[in-house]
Amino acid sequence: MPDLETNLPSVRNIQNFIQQKNEVELKLVTDDLIVGQILWQDTYCICIVDHYQQTTIVWRQSIVFMKPKA
Amino acid sequence: MPDLETNLPSVRNIQNFIQQKNEVELKLVTDDLIVGQILWQDTYCICIVDHYQQTTIVWRQSIVFMKPKA
Amino acid sequence: MPDLETNLPSVRNIQNFIQQKNEVELKLVTDDLIVGQILWQDTYCICIVDHYQQTTIVWRQSIVFMKPKA
Amino acid sequence: MPDLETNLPSVRNIQNFIQQKNEVELKLVTDDLIVGQILWQDTYCICIVDHYQQTTIVWRQSIVFMKPKA
Amino acid sequence: MPDLETNLPSVRNIQNFIQQKNEVELKLVTDDLIVGQILWQDTYCICIVDHYQQTTIVWRQSIVFMKPKA
Amino acid sequence: MPDLETNLPSVRNIQNFIQQKNEVELKLVTDDLIVGQILWQDTYCICIVDHYQQTTIVWRQSIVFMKPKA
């Protein structure tokens, strides 16, 4: 898999969520729902930190959808 | 993954749905059903906005099928 | 993903189903069963139209098997 | 995806099952079990015909395991 | 997919299990558990033989984890 | 698949967990939860050892998320 193509809308949207510390909701293939702020993204993963300061490294391959919270 | 091949029927169909603001139904691997208008597509994702102005970034890898609504 | 390799049996079979307007049954990873005629195929998707003229764009990644109906 | 590498054990085994008309059992991600003889394989699919002469084109991506029957 | 990279720990571990006729437990995406000795591995598959001499060709794409038995 | 890109945050984080013998929790697509220390990672797999010295070779393709334990 090549580098993250930072000019793609999906990658840029996530980059914006990181900078603006937006809260997002991540739905995963196991039906798990991860809620928190995105710390970083790379080619394989997206890292989320929740209200309790627990970090979760989510594999992109398991992501179904992401909803920015209003 | 290379750029979206915009001459493919599937990519062009989605491009038309975007331009004509067609409502579509997206069935996902988790059995979730997302209904709304498509805002944009890129290599990894398709972004949907629903009647309540909630945007959802859907990962292509999780899409099972898409039905344009009549 | 490269262009569809039109010399492969699987791609040619589907091409024949399209030309002969064969009815097929598509089993998907969600256990959904889509029945209808194939309108087109490309690298990412196969498009089905059913008896009620509803079109469904099915992502290849979600296909488990296809049965031509007798 | 490149051509099928015909020197690989898995590809050669299937080629042998085809020539010897071995009956095989295919377990799929949906938990479906397809039983029959293999007619052909290509890069994307494996085609099975059962006792009732029904052919099923199985997508390789959905295969969990294959058991040759004794 | 390229050739199996035989210098990788995962590939080498499996190679050792083959040579030492270790018994392993394979957990698959369907929650099936296959127990036996590994006969061979290639780019797509791993072949297991169980106590009853039944061989099972397991697709790598369906493997969740492998546990060597003590 | 190319070599592991060791400059990526996700790969470096795992490398740190290995060196610091951090305990991690791995959630898999089958909903299995594997808890233990990471012994090694390569392009295809991550190897975990638990409190009972049982090693488990986890396929990356089956990982949903990883949580470092506090």
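Which chain is which? They are A, B, C, D, E and F, in the order written, and residues in each are numbered from 1.
Keep in mind that, in the parts below, contacts are C-beta pairs under 8 Å (C-beta built on N, C-alpha and C of every residue); 3 or more make two chains touch, one makes a residue touch a chain.
In UniProt terms, the chains line up like this: A, B, C, D, E, F = RNA-binding protein hfq.
Since the structure is predicted, the reported quantities are computational estimates derived from the model, not experimental observations.
Participant: If each hop has to land on a touching chain, what is the smallest number of hops from chain A (RNA-binding protein hfq) to chain F (RNA-binding protein hfq)?
Facilitator: 1
Participant: Looking at C-alpha means, what's the farthest chain from chain D (RNA-binding protein hfq)?
Facilitator: Chain centre farthest from chain D (RNA-binding protein hfq)'s centre: A.
Participant: Let me check something: if the centre of a chain is the mean of its CA atoms, which chain is farthest from chain B (RNA-binding protein hfq)?
Facilitator: Centre of mass proxy via C-alpha means gives E as farthest from chain B (RNA-binding protein hfq).
Participant: Approximately how many whole Å separate the CA-defined centres of chain B (RNA-binding protein hfq) and chain C (RNA-binding protein hfq)?
Facilitator: Centre-to-centre distance between chain B (RNA-binding protein hfq) and chain C (RNA-binding protein hfq): 19 Å.
Participant: With chain centres taken as the means of their Cα atoms, state the distance from chain B (RNA-binding protein hfq) to chain E (RNA-binding protein hfq) in Å.
Facilitator: 38
Participant: Distance-wise, how many Å sit between the C-alpha centres of chain D (RNA-binding protein hfq) and chain F (RNA-binding protein hfq), to the nearest whole number?
Facilitator: Inter-chain centre distance comes to 33 Å.
Participant: Considering chain F (RNA-binding protein hfq) alone, which of its residues make contact with at least two other chains?
Facilitator: 1, 29, 61
Participant: A student should be able to answer this: under the defined touch rule, what is the ring order from chain D (RNA-binding protein hfq), with chain E (RNA-binding protein hfq) coming next?
Facilitator: D, E, F, A, B, C
Participant: Chain E (RNA-binding protein hfq) touches which residues of chain F (RNA-binding protein hfq) in the complex?
Facilitator: My answer: residues 1, 28-30, 32, 34, 40, 42-45, 47, 54-59, 61-62.
Participant: Residues of chain D (RNA-binding protein hfq) touching chain E (RNA-binding protein hfq) in their complex?
Facilitator: 1-2, 5, 8-11, 13, 27, 29, 31, 60-61, 63-68, 70
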